[in-house]
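Shared between the two complexes below is chain A, which has chain B as its partner in the first and chain C in the second.
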Partner chain A sequence: MAGDKLSRVSVATRQETWVGRAVPRLEDEALLRGEGQFMDDLAPIPNAGHAAILRSQLAHARITRLDASRALAAPGVAGVLTGQDVRAMSRPFPVGVEGARPYYAAAGEVARYAGEPLAVVVAKNRYLAEDALELIEVDYEPLEPVLDARVGEVVSERAFSYGDPAAAFAAADLVVRQRFRFPRWSCTPVECYGVVADWNGATGSLTAWANFQGPFTLHSVAAGALGLRGSKLRLITPPDSGGSFGIKATVYVYVVLLGLASRKLGIPVRWTEDRLEHLAGSATATARETEVEAAFAADGELLALCYDAIDDVGAYLRAPEPATTYRMHGSLSGAYRVRNVAARNRVVLTNRCPSGLNRGFGGPQLYFPLERTMAIAAGRLGLDPAELVRRNLVGADEFPYRTPSGGLYDSGDYEGALDEALELSRYAERREEQHHARAEGRLFGIGLAIVVEPSISNMGYITLAQTPEERAQTLPKSGNAEGATIAVSPLGGITVRIGTTPQGQGHATVCAQVAADALGVEPDDVEVLTSVDTSTSAWTVASGNYSSRFSGVGAGAVHLAAQKLAAKLRAIAAHELGVEAHEVELREGKAWAGEASVSLRRLAGLAHWNPDALPPGVEPGLVENAFYAAPNLAPPDAQDRVASSAAHGFIADVAVVEVDRETGQVVVLDYTTVHDAGRLLNPLLVEGQVRGGFAHGVGPALFERVEHDEDGNLLTGSFMDYLCPTAPDLPPLTIGHRETPSPFTALGAKGLGEGNTMSVPAAIANAVADALGIDELELPLTPPRVWELLGR
Partner chain B sequence: MIVLELVVNGRSCRETVEPRLLLSDFLRHNLGLMGTHVGCEHGVCGACTVLVDGAAVRSCLLLAVQLEGSRVETVESLAADGKLSPLQRAFHECHALQCGFCTPGILLGATDLLSRGKPSRAEIEDFLSGHLCRCTGYTPIVDAIARAAGVDAA
Partner chain C sequence: MKPAPFRYERPETLGEAVSVLREYGEDAKVLAGGQSLVPLLNMRMARPAVLVDINRVVGLDNSEIEKGTRRIGALVRQSAAQDISPLVRSCLPYVGHFATRNRGTVGGSIAHADASAELPLALLVSGGAVVAASSRGRREIAASEFFVTHFTTVLEPDELVVETIWPETGGGVAFEELAQRRGDYALCMAAAVVRDGELRVGIGSVVDRPTLLGVDPDRPGASAAEQVEPYDGLHASAEYLRHLVRVLVDRAVAVARARAA
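Then we have the complex of A and B:
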């Protein structure tokens, strides 16, 4: 891909902007008063029946009988939808891999994971629905569950090679070979799924309200399963969503399930998932087992990297999987200059809940083996890990940098960020301290993690699951675009509508900042509508909340729409003031030409009430839609190279730990992260994302793992067993920020919500391995597991 | 069915309820107080925390009928005279909420905590271990409660 022509946009450099300031959130007031509008708070349609879902108690079983007759006779019951109904009324969910096991919204003859829906009861209220659920009689014929991914059915396998790995290995002074397992875990937002579904028999259409984070590609997937053209599936998201971190993408399955229940029973149906259902049957991150082989020269140069990965996606390959496998494809080489890279990816089915989006999405699974490998190599080469990293980092003068697998790193100063992390963490001093601690017999360790954090996914990367020949037969997929609408009312009120379905990230505040800059008003003057309605919002197949795409394309779309509207306002004002449009400046709620001004309110009134006075060629009304597309995101090429993301932040982390010999407890003494996410649109929110991403990284590092027994029963089925970190569990965090603007996004911003979730498990694992003096360890590093390692 | 009389946010209520109705469902569905959020229904996450006679309780672990004659306060009561309380303001200033789903429960738990004296930072962290927040990483919440308590933020 040498000689690429790269699209760039100029980065706004205007001073005194709202963008870039730590503007406190506009969202907070309602949320603090308990006046948020979350899914279960809404009653968008009257007289909805309440659903409860019967789920398989076994991980793998033939359903030989399912008799709902007693349930149907129970008080208040409106009806029952069974797995057989689901099969008769819908099609399997489309997925990006040919020949995958058909996946429906409920099990038919065979249940394939404990928690899989078998039937839906709809009743007057949830209590009555759950009563009736217990009256459904199910006979199971147990089947052998597959729980070891190494013997599971392979539904997708591909191998990739870039450069000449074989020659690099032949020339290597050191080869590191190691197997790594990244656990199945889940970000568990505090709000669970919620759906209200209303089938309209007359129009043959479904309206569904759901705390979904799309539309994304998954609106089309849901519509496909329902056999509806997209316009017949109207999805509406509530204004507020109680966290997601990716997990709520899979609400689409329940949109279909409850939509079918509504269709069968002829009434609207509502369902709010409970926590036990969420842990058993929503989605989890993909578990990955990776064998790494890495070739190094004696001076520490990383010559080649080979990955052999097995991704356990659970009982069904469910869209957008196998996206976890390919999300990081352009970043297989991490932050390093290595040119020889190979990967073999196998996607495997087991009898567990299907996987889905989860914060970091492919990143933690990549960086745990990669960064552990670097630390192991440093030990064998007799180099300090920081020195080994430094010798391999992509240089600040090499951007934009094309990775061997096709990634295009937009900008950065990796070594500068590493230096800052070493300084902030007092790395040299800590190494001294380690020396003394070891002399005293203490288990004291220091770990690094170096992460390139991709954001704004290329919609085409998933097609790497197909061969180049298969891809050539289908419509190429590429890019990542987002839409936004901005309108000014006849009284001058400004409304922005977005498609990025925020779940706590503060999109409304940032969009108000962006619009305020363009229109010369204050963020408080801008209303931001976060509710998406697929029938009325400006959206595209990429729209939604995933891959940290908001600050790049979401805010970018608002920026473009607001610029279009500002241009129109300037044209109208110029006509009023008798000057040229380029002489007009929008500020303080007015349009100015020198000393003369006209208020925004007057301009709005003119455009709405007095179109006769508009300048020639200017349309009446003040509404603008705009779509912003991230550049440089072509479909995968014939050599399987892909720019899998548009922007790439950088993270350098240092973890310092001490391990208690008696109990095996890991105490993180302190943790330092230096983050470069390009231009920071709102530093207050950035800090929030870094802290949240950090906490979600500490989870699988030390506490969180979805576990099953040998029969496939879920052992972590409640919050008493699935341990999320609480306030005293999180170590002190020091954050450093650097800003290397992206030349490829409208505002110079990069995504930043996921990077620390990618880096923290690797950094803590490296620190614990350093403390214990071992190479092999498995996450999460719970006291029993570490205690076992100590006994070895 | 049982007739239940209690005072919620200063207003007397008389409702006829099933004995098995959870307090959380009673507040949300019978009284329309949607600020009380339900996150786990097994007493771990703390999102549904309300005050009963001034003490923080999990509304998902109580039956409404247990509240006969009690005084209940929910998040809707905190902004007296329409103005955010100092604790609510501190949450805003410290960016102590993101999605805001766990926030009402934490606000009520912290109200109880602050009513019992000036907590140290460690005591705030200890209190907060009874609430799950998946967005913030907790530190800004500790900062906010410390600020409302007049405790040194460091």
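Then we have the complex of A and C:
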């Protein structure tokens, strides 16, 4: 954007490796030519019927009659699947909390949110299917909807205490108590959900193509609902996906729904979700209300933090929920040294669309209250907010740092990054400017947000929803692993296959860089297959594209697989060149021993065409699988401590705003973000991720919210009313980087695509609160809302 | 989001177009740029039996200028409309987005009569008019008579907007709008023309049609706000919208006066 400064990478570019360089995206040529292979570009099976889905018009109602006879008689209709069929043909989706309300792919007798599927019509094309949909007669008996989370059914409640919060509060000089609400908001990818489902009666198996993003734990959830052992549910993802940001995890529900339609009707079924369905019925982020109590000493030391949180997960607790509640558990203390932390978590049901993955996932909901609390405390202590933060940051010499709730922060220099953010944003000058602006009666504010950005989730953190005693009764869950396959063809061509289901991030480019480094070739020499097939890919439950895990474990798995293959190539080359394997170096497409070399093509030829000539003990063929597991991710311990993520980046943000006193409009004059995400694998992709995460954070800060009326009808059901910021709505952004490598990932990289989604709502809210001189405000900060705050 | 079935007609002359409209009357809907109509069709909120696509009708994209008055053919795209007048030039950046302005037409926006559309307000404040044709002939309708209420005009079902007439406003003009995002439907908009000390002010969005207001020149915004009765909506309260009328009218008048000076 005009006026932006370019990203700064404060380390020397590593010329000796492809990793670390701003290699242009290998994906882009196909995308720019219109040759991407998205869900709707695939025609994997002929003669599929097209589905349209009838959805509940009411938020809570008994379905007293559902008569599809007129629809069945309509032109081109192949058949109808009803909610009653779904009940008869499938089981409730498994979920990580005992006794939760059963959740099926469609409503049976009772619909529990406006937009819940009631029936599926399959016809010759989507037009005819939608025509027939209108002919289905439904009688509703309205029931009272629950929309206030504070009176919703509590499906999970747990309390945690670390250190001695009570003693800390007793000794405090200042206690800040404040209630915060983080709004429901969403991901709005350009491409919505898409599924093609093909039931095979002979084998009793389902093959489904879907733009699913993982985690592949949800493959097991879908298979469980269908009553199939995993090998009978073959799930295939398209090579390209038009964005997800979390929301396409939940397409698994429709894999089951359309799979059942295919099974009932005996034909393959295709469904492409439209925008209205997406906004009404896919998923949204979890809305959270938090009461914070924070104890401070007079010098600003944060002594204790207590959270009392209510998470509104909508009409059903749907896997992987209540993960939003626990994703940040190891980071309850944020970037601060505080040792006394308590939390009470209640997960409640309301009559809204069930929640799901959304960029930041639990982070925005944590950092908005935490960082607002720090700003409020600074005001009351008479300290500059930056100074209060500085006095509490975990020190550069304290890593790896174990948080009170069990998080293990791998590396960082938080104070150094804070200093850089203050310098880049000209913080001191801006404070001067604020002084003058105020003297002129202008509403000028500066806000900070300090975020520890976790990446690579521990698959075991979700079991914090169980008590330690309950956990002891079940098999432990832990870790986060990813697989990759690398192969060399008989002519020396290199193919990498990954399980990280990229949704536009550029995984293929990075994987090509990683493989090129290991094999001594160029990234252009490497083909990367991004399509996952659960029957043929090297994958595990943790596979997929979430918790910013790609740069850590995704690229890590490719690195390991490529290293294995490189070792084999060196062994074969050593035999050819008459040297020891450790003397062989791979570069420029050849294996070298001193001045002598043999080409990769010749080595591949040997392994494929002439296995007789291979050295003793070396298998023919050139295919390697490898799995990389992030270390230090044990299951939660008996004291409910958990290392909920493997790597932790750091972000320091400064927002500068001016509020129009007459209209209440917030203008973000400039926004500075400094990241430390360890080693940057590709600075070009990094910039894309930071800008995307920033835009997604500006959404709930200033524009986006999912809103219902008092009857539970969705008011933000189209892009006319659900306001995602577009390019001209985004403030100017200045990005800085520091690189403190992670000791816990294969390449030293940490995730960085979610952090600004966590930080931006807090930073902008702090800036607006600073401008207005108030403590209480609610997101998004729309002009009418800010005008109300101005006292009209 | 697929439209209900409809018959598709694509006349190539004005005679054919009005004869199709005479044949189908209220069952027909005219398709010009389609930037409002096609989403309505896809959401099945509009269900015409016949869609009359006028994009190939010869002669509807002409523009003429006569003694400062511009006659703009109904099919002139919004992106080509900036030379109509300084007021239109001021309002166009608020009309949708770059891509929609390339397709959306001036005549279509006027005929669609969305109360929160900019071009109808600009036409009204310019003292412009609409030329409608039917198999019965042509008539000219003053903008002040044309707009009835939300999405409703005095057009008969067999009439087609063929031209809009934009007299030269002269003096100083201004167009002020507040929308939550660039290109959104406005929460409130105000247009002002100041010429020879005369003040003409119109508002949109907070009313059911573009509306001219008689305002007190000493307190234009406040006197305008006293004349409107906005409703509470999803995005803003009635009180806020009334307040915006005051702010935006004051701003528009101030800018128009400065430009007139």
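Here is the rule we go by: the second predicted complex is superposed on the first by the 775 of 792 C-alpha atoms of A that agree within 3 Å, B and C clash if a C-alpha of one lies under 4 Å from a C-alpha of the other, contacts with A are read in each partner's own complex, and residues count from 1 in each chain.
Please note the rule applied: a contact is a pair of C-beta atoms (placed from the backbone, for glycine too) under 8 Å apart; a residue touches a chain by one contact, two chains touch by 3 or more.
Just so we're clear, the structure is a prediction, and the values are computed from it rather than from any experiment.
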item	value
Contacts of A:127 with chain B and chain C, given as first, second, both or neither	both
Chain B versus chain C, judged by how many residues of chain A each one touches	B
Chain B versus chain C as contact partner of A:379, first or second or both or neither	neither
Which superposed partner A:783 touches (first chain B, second chain C, both, neither)	second
Contacts of A:230 with chain B and chain C, given as first, second, both or neither	neither
Which of chain B and chain C A:707 touches, first, second, both or neither	second
Contacts of A:665 with chain B and chain C, given as first, second, both or neither	second
First, second, both or neither for A:27, with chain B first and chain C second	first
Which superposed partner A:589 touches (first chain B, second chain C, both, neither)	neither
First (chain B), second (chain C), both or neither touched by A:716	second
Where chain A meets both chain C and chain B, residue numbers	127, 274-276, 718, 720, 726, 728-729
Residues on chain C engaged by chain A in the complex (per definition of touch)	1-5, 43-44, 178, 180-185, 187, 234-237, 239-240, 243-244, 247
Interface residues, chain A side, partner chain C - complex	126-127, 130-131, 274-276, 662-665, 703, 707, 715-716, 718, 720-721, 723, 725-726, 728-729, 782-784, 787-788, 792
In the complex, chain B residues that touch chain A	18, 20-21, 28, 33-42, 44-45, 47, 74-76, 78-79, 84, 88, 91-93, 95, 97-104, 107, 124-126, 128-142
Chain A residues touching chain B - in the complex, by the definition given at the top	24-25, 27-29, 31-36, 38, 40-41, 127, 187-192, 240-243, 245, 274-276, 503-506, 684-685, 687-688, 691-692, 694-696, 718-720, 724, 726-730, 733
